[in-house]
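Pasting the structures here.
The two complexes that follow have subunit A in common; it is paired with subunit B in the first and with subunit C in the second.
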Partner chain A sequence: MTTKQPTPTTATKPKLAVFKFASCDGCQLSLLDAEDELLAVAGIVDIAYFLEATSRIKDGPYDITLVEGSITTPHDEQRIQEVRRKSKYLITIGACATAGGIQALRNWADIEDFTQAVYASPQYISTLATSTAIADHVAVDFELRGCPINQFQLIEVLKSLLAGRKPRTKTHSVCMDCKQRGNVCITVATGEPCLGPITQSGCGAICPTYNRGCYGCFGPATQTHAQSLTDHLVREGAAPAQLVQLLRNFNSAAAPFLEQSNRIQDAMNQEGDNRV
Partner chain B sequence: MSEVRTIKVEALTRVEGEGGLFIRLDGDHIEDVKLSIYEPPRFFEAFLRGRRLEEVPDITARICGICPVAYQMSAVHALEMAQGVTISPEIRRLRRLLYCGEWIESHALHMHLLHAPDFAGVDSGIELAEHFPDEVNRGLRLKKHGNELLEVLGGRAIHPINVAVGGFYRAPKKDALVALLPDFEWGLEAAIETARWVATLTFPDFTRAYDMVALQHPDEYAMNEGRIASTSCKVVDVTDYETHFEEFHVEHSTALHSGRADGHASYHVGPLARVNLNLGRLSPKARQLADEVGIDWPCWNPFQAIIARGLELVHAYEEAIEIIRDYQPFAPSRINYEHHQGAGCAATEAPRGLIYHRYEVDDEGLVTFAKIVPPTSQNQQQIEDDLRDWLPRVLNGDDAQTAQDCERLVRCYDPCISCSTHFLKLTIDRGESS
Partner chain C sequence: MNPETTETECVFFPKIELQSLITLLVGDGYHVVGPTIDQAAIVYDKITSVDQLPRGWTDQQEAAKYRLERRDDDALFGFVVGPHSWKKYLFPPLTTVASAQKTESGWQMQTPEPDTTKYAFLGVRACELAAIAIQDRVFTGGPYVDPVYKARRSNAFIIAVNCAQSASTCFCTSMNTGPKCSSGFDLALTELEDGFEVESGSDIGAAVLGRLTTQSLTAEHSTMAAAARQQAVDQQTKQLNTEGIRDLLLGNLDHPRWKDVGDICLGCTNCTMVCPTCFCSSVEEVSDLANENVERQRHWDSCFNLSYSSMSHGTTRNTIASRYRQWLTHKLGSWENQFGTSGCVGCGRCITWCPVGIDLTEEVAAIRGDAAPKPPGGAA
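Moving on, here comes the complex of A and B:
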């Protein structure tokens, strides 16, 4: 990530754009879900391209661009290059944009099988064999994690940029947030696998708070020891195949999750064990 | 030699997800109307195969950020059928409460930020706020209430984490729900004002003979269960859905179209269908309001769907308040079950209309088959049929105006394109032919 700042001039409001690739719309909805701040934000930026919110479309260049979604089609491979060229400061929002999203599960499958499983006439469908993060295609200036992103983090990042500050988000693990909430540890108490120790903060440790293990929707935290966790969970009796699925959901292509799920799967293949 | 005209809307706006519209005319003859959905395919039904059935509500939520609860509710009911699980009355009521949260959030969003700008001739809800500051601010508060309810009950508003096959991971704390009551009591009155406000908008005089389809339940306004009723055909069981309705694949869309199984005729799902078929089951204040808004029900004007949304907004508040007032914490929050091979299906009412799921699972609880039919793919063909009738009325202007008028009609359906991809580009072709 670079530290470059958008350069709003006092004469004009900075132009904000929101672009969507393969995704569920949930992350851009987070901006509309900031009900208390929405009209205020609209007062200080020029919403120049945001199809879901406005029919008014302005050409670039844009000062701040939010990109939701992953790259899954030949057309989108081209479109993201164009978006990058028109954008001064590009922020990827959400697990699809930062790690390929749930649709990256195709990366382990035969895409023709997938297409035939869903569509009666696969010849009408144009798709790539993989779903990849935006950063695999163009330079990204800042990443906001989560499936979905946290709207307060989004507003904070926008405010920072508009104030000319470098945006920051916390990079510690869900496990620390969980301790701060005073939760009983799910894995210790019940043996259920929890990805909290290796997942980045941002959700507020909601899953353990609601009596279930974390499933990693904010992706890997920095400086994690993912293998220590997966080895521990296996020793405690977790089924390896279940761990593979836990690591392969919304951030399956994020490096530490990818490495661990592939490592466990390879070991299972060698032992001929595929039980979930 | 006649003049061929092509009108295109490359990217529809104020809808969820991405699509366009393509219209081709030869003189006054409408040659082609396509609601084209170019949202990239994401293959949910394929990668659900082999997953643990407990993951299905978490995964299918990701089909749509605006209506994740609809996917979660349809999935859990279908999987419970597959595993022979009967939920308790307490779980059933809390699921209705969760759906009330999503209806409030989604309807308030669509009414104020996506649809109402059309009636004021402005580009966005933000611009609308310059003309109707009180109404838009009120709408944003309503939307926030829906999200707050989802947060308390679901853990978060987008992609809730508390929905489980068999019930909830944790029953909500009474204090947390009761704390919502003052806002919800204010919200009920505000929702009534909102419904009255949208009823004063000016609507085109445009009605069509629709086959409207929605769930129907003898005792309540159907959300999570019921039989499938229609304004033209007999009532059928959800288990017979696939006998009566069929999906088919057309070249211009990554969303499958739906039609009646017999001849692929279009049908209409959504709030207008629900109110038309279930008027008598609306909550007392919503029912009373339905008589006050100046519509002789049933209503056949698609533009007035915004009024149906207003009535449902009132209903959702009234029912949510009742459930919260009566709520007592209970156990277990989740009914246990043993995995066994089985199949199950369910239909529920998403904010945009009926949604159908069917799954097959094996002895170890792994999904072996998944079929998901979202509301927007069911409405796609209906929207194209509507446009064919609507176009002759809006062809006199320039292409840009015609395109805009067509988009207005599309927006009445609150299409959710992200959902339907397994959905929209307006291209109007008025090209030259010899």
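Moving on, here comes the complex of A and C:
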């Protein structure tokens, strides 16, 4: 007689928590969107804290914590410390959590101007002057890039943690995905600027597949030379202001994109050039 | 093959007969793949009609720049090579090489049957014939024959086309691979105003040619075809001095130029993806969440990726400069030790499709110490 493998009980399954900071919820939705895999995920982990999915809450500590969003308020500065204390593995998901997100554009502006313009009673707004990545505040075990993240990469990360191995998420450039799909390089063939060569893979090269330049949702590729690309694009006639806009999207505060947009903007300021 | 002998074996068929050739091959069960316009470039895709060919179009190429332009005639093959190469059919970007399913009685291992699709490649240029010959050695020349490549390659019918022009990025004359197609084809065409000079290069090619309506080649056609081919030679401006190139590169591993080009190179892999001879791949297991269905997948990879030299002790080539040096010294140098030929056919794709315009011929010239080399990637 064979002994049947016992089904993991709630008591033995790793506890998964999903916490949200300043973000649009799109990355959490990627997990809910996983549909077929979601049931399998629910079968192998105990979903202990995931407000977007269920109001049933279990206390920590948590084995696997997914953190979405950036730190933009004094309250969240404290809260992320508490999340870290309760988490064995803390994984950031998405551009907000890994690089500050689109809201990091506030880092170049005066936050007072924004609160005055947006809110009827700005005195009730408690916010920081900056939007910063989770890793600027606490130790992060793994960063999952993207705006939004790729659900298959998220499932790969969960699988790898459960199997006790390193996640196999790709770090090559978007160009490699384009070439393997048979996409023609739009920068070379049409002159339209594209961040693909300096952007990490993850989306499967969606934008170039639909004939538009990559705008860097998955953040800078490993060991790339962003200045070489921006210098080349300027030599080929791209407007510097256009490149600043291209670099200041969802990953504007990621180091290579930040350095290049600041460098180009500084040069424009020196030349009094504000053309778009 | 003796060129003089070849010339006398040529026949002529009018332009309309090219459609007969395509139709005949489709009828024989071939997937005919040829040049066609898509995404602002001339790419290779499945075709069934001559109307899908880039009639009246040409390509202008330089470092990091490719543009389609109208010709002032109706030439069907009046361009050189684009971003695609035939390797995407012979060595597909993604292949499942094995799979395993967990069952009640244990793991069941399976090896998929190789894809035996019959491809007919229309419009293969001389440099591309050389590239296919190089990949033949890589994948089938040694004791370990690649079944995926072999199945596709052994079924392929190759219709070569002689170039009648060169791009500014072409340097096949330096690599002795073209522009004239000399071997490795079933049929070879030279396009003339009203038809094609046709040469068969194999028994199967001759048999197909025998089923078409051909005419004997007139002296005038022969002269025009030779002039068209000579025009490609005359237009070629780029050169790569290959004299002692292996020892030159491998003897200059500490040359400061590697750092210069390493500072410009993006490590983006475009050169290796468009290269018709680059063959690097990685194999990995992909499983479902329950780890009960596993596929072993082979996909194109690149020596420009940091992960490609990642081993248990860490990463061997941890800078872009070291990865560029690895690629160029292998392509033009140690490839000779490994496979007995250069790994470069002079097609110029890596120059055109480098997003920052790095030109390997300039890099070699700089290391050789030739007068006033240009900075990498055309930087001012």
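Note that in this section the second predicted complex is superposed on the first by the 265 of 276 C-alpha atoms of A that agree within 3 Å, B and C clash if a C-alpha of one lies under 4 Å from a C-alpha of the other, contacts with A are read in each partner's own complex, and residues count from 1 in each chain.
In this section, contacts are C-beta pairs under 8 Å (C-beta built on N, C-alpha and C of every residue); 3 or more make two chains touch, one makes a residue touch a chain.
Only a predicted model underlies this, so the values are computations on that prediction, with no experimental measurement involved.
Engineer: Could you classify subunit B and subunit C on subunit A, in the superposed arrangement, as clash or fit?
Structural biologist: Result for subunit B and subunit C: fit.
Engineer: After the superposition, just quote the angle formed at subunit A by subunit B and subunit C, using C-alpha centres and rounding to the nearest 10°.
Structural biologist: Value: 110 degrees, nearest 10.
Engineer: Once the shared chain is lined up, is A:234 touching subunit B (first), subunit C (second), both, or neither of them?
Structural biologist: After superposing on A, A:234 lies clear of both subunit B and subunit C.
Engineer: In the overlaid three-chain picture, which partner chain does A:171 touch, first (subunit B) or second (subunit C), both, or neither?
Structural biologist: second
Engineer: Could you tell me if A:138 is touching subunit B, subunit C, both of them or neither one (first, second, both, neither)?
Structural biologist: Touch status of A:138: no partner.
Engineer: If we overlay the two complexes on their shared chain A, which of subunit B and subunit C does A:268 touch? Say first, second, both or neither.
Structural biologist: Neither partner.
Engineer: Determine, under the contact definition given at the top, whether A:211 touches first (subunit B), second (subunit C), both, or neither.
Structural biologist: Once the two structures are laid over each other on A, A:211 reaches both partners.
Engineer: Answer with first, second, both or neither: which of subunit B and subunit C does A:184 touch in the superposed model?
Structural biologist: second
Engineer: Could you look at A:22 and tell me whether it touches subunit B, subunit C, both or neither (first, second, both, neither)?
Structural biologist: Once the two structures are laid over each other on A, A:22 reaches subunit B alone.
Engineer: Between subunit B and subunit C, point out the one touching more subunit A residues.
Structural biologist: B
Engineer: Rounded to the nearest angstrom, what is the minimum C-alpha distance from subunit B to subunit C in the superposition?
Structural biologist: Between subunit B and subunit C, the minimum C-alpha distance equals 11 Å.
Engineer: Subunit A residues touched by both subunit B and subunit C?
Structural biologist: In subunit A, positions 211 sit in both the subunit B and subunit C interfaces.
Engineer: Quick one: in the complex, what on subunit A touches subunit C?
Structural biologist: Residues 37, 40-41, 44, 155, 158-159, 163, 168, 170-173, 175-176, 179-180, 182-191, 194, 196-198, 211, 221-225, 228-229, 231-232, 235-236.
Engineer: Within the complex, which stretch of subunit B touches subunit A?
Structural biologist: 11-18, 38-47, 49, 51-52, 55, 58-59, 62-66, 68, 109, 113-114, 117, 123-127, 129, 136-137, 140-141, 143-144, 147, 155-159, 161-162, 164, 169-170, 248-251, 254, 256, 364-366, 407, 416, 418, 422
Engineer: Can you tell me which positions in subunit A touch subunit B when the two form their complex?
Structural biologist: For subunit A paired with subunit B, touching residues are 20-30, 32-33, 35-36, 38-39, 42, 47, 51-57, 72-73, 75-76, 101-103, 105-106, 109, 113-115, 117-121, 124-125, 127, 147-148, 203, 206-207, 209-212, 215, 217, 242, 245, 249-250, 275-276.
Engineer: In the complex of these two chains, what residues of subunit C are touching subunit A?
Structural biologist: Touch list, subunit C to subunit A: 38-41, 43, 64-68, 82-84, 88, 93-94, 263-270, 273-274, 284, 287-291, 299-300, 302, 305-307, 319-320, 352-353, 355-357, 377-380.
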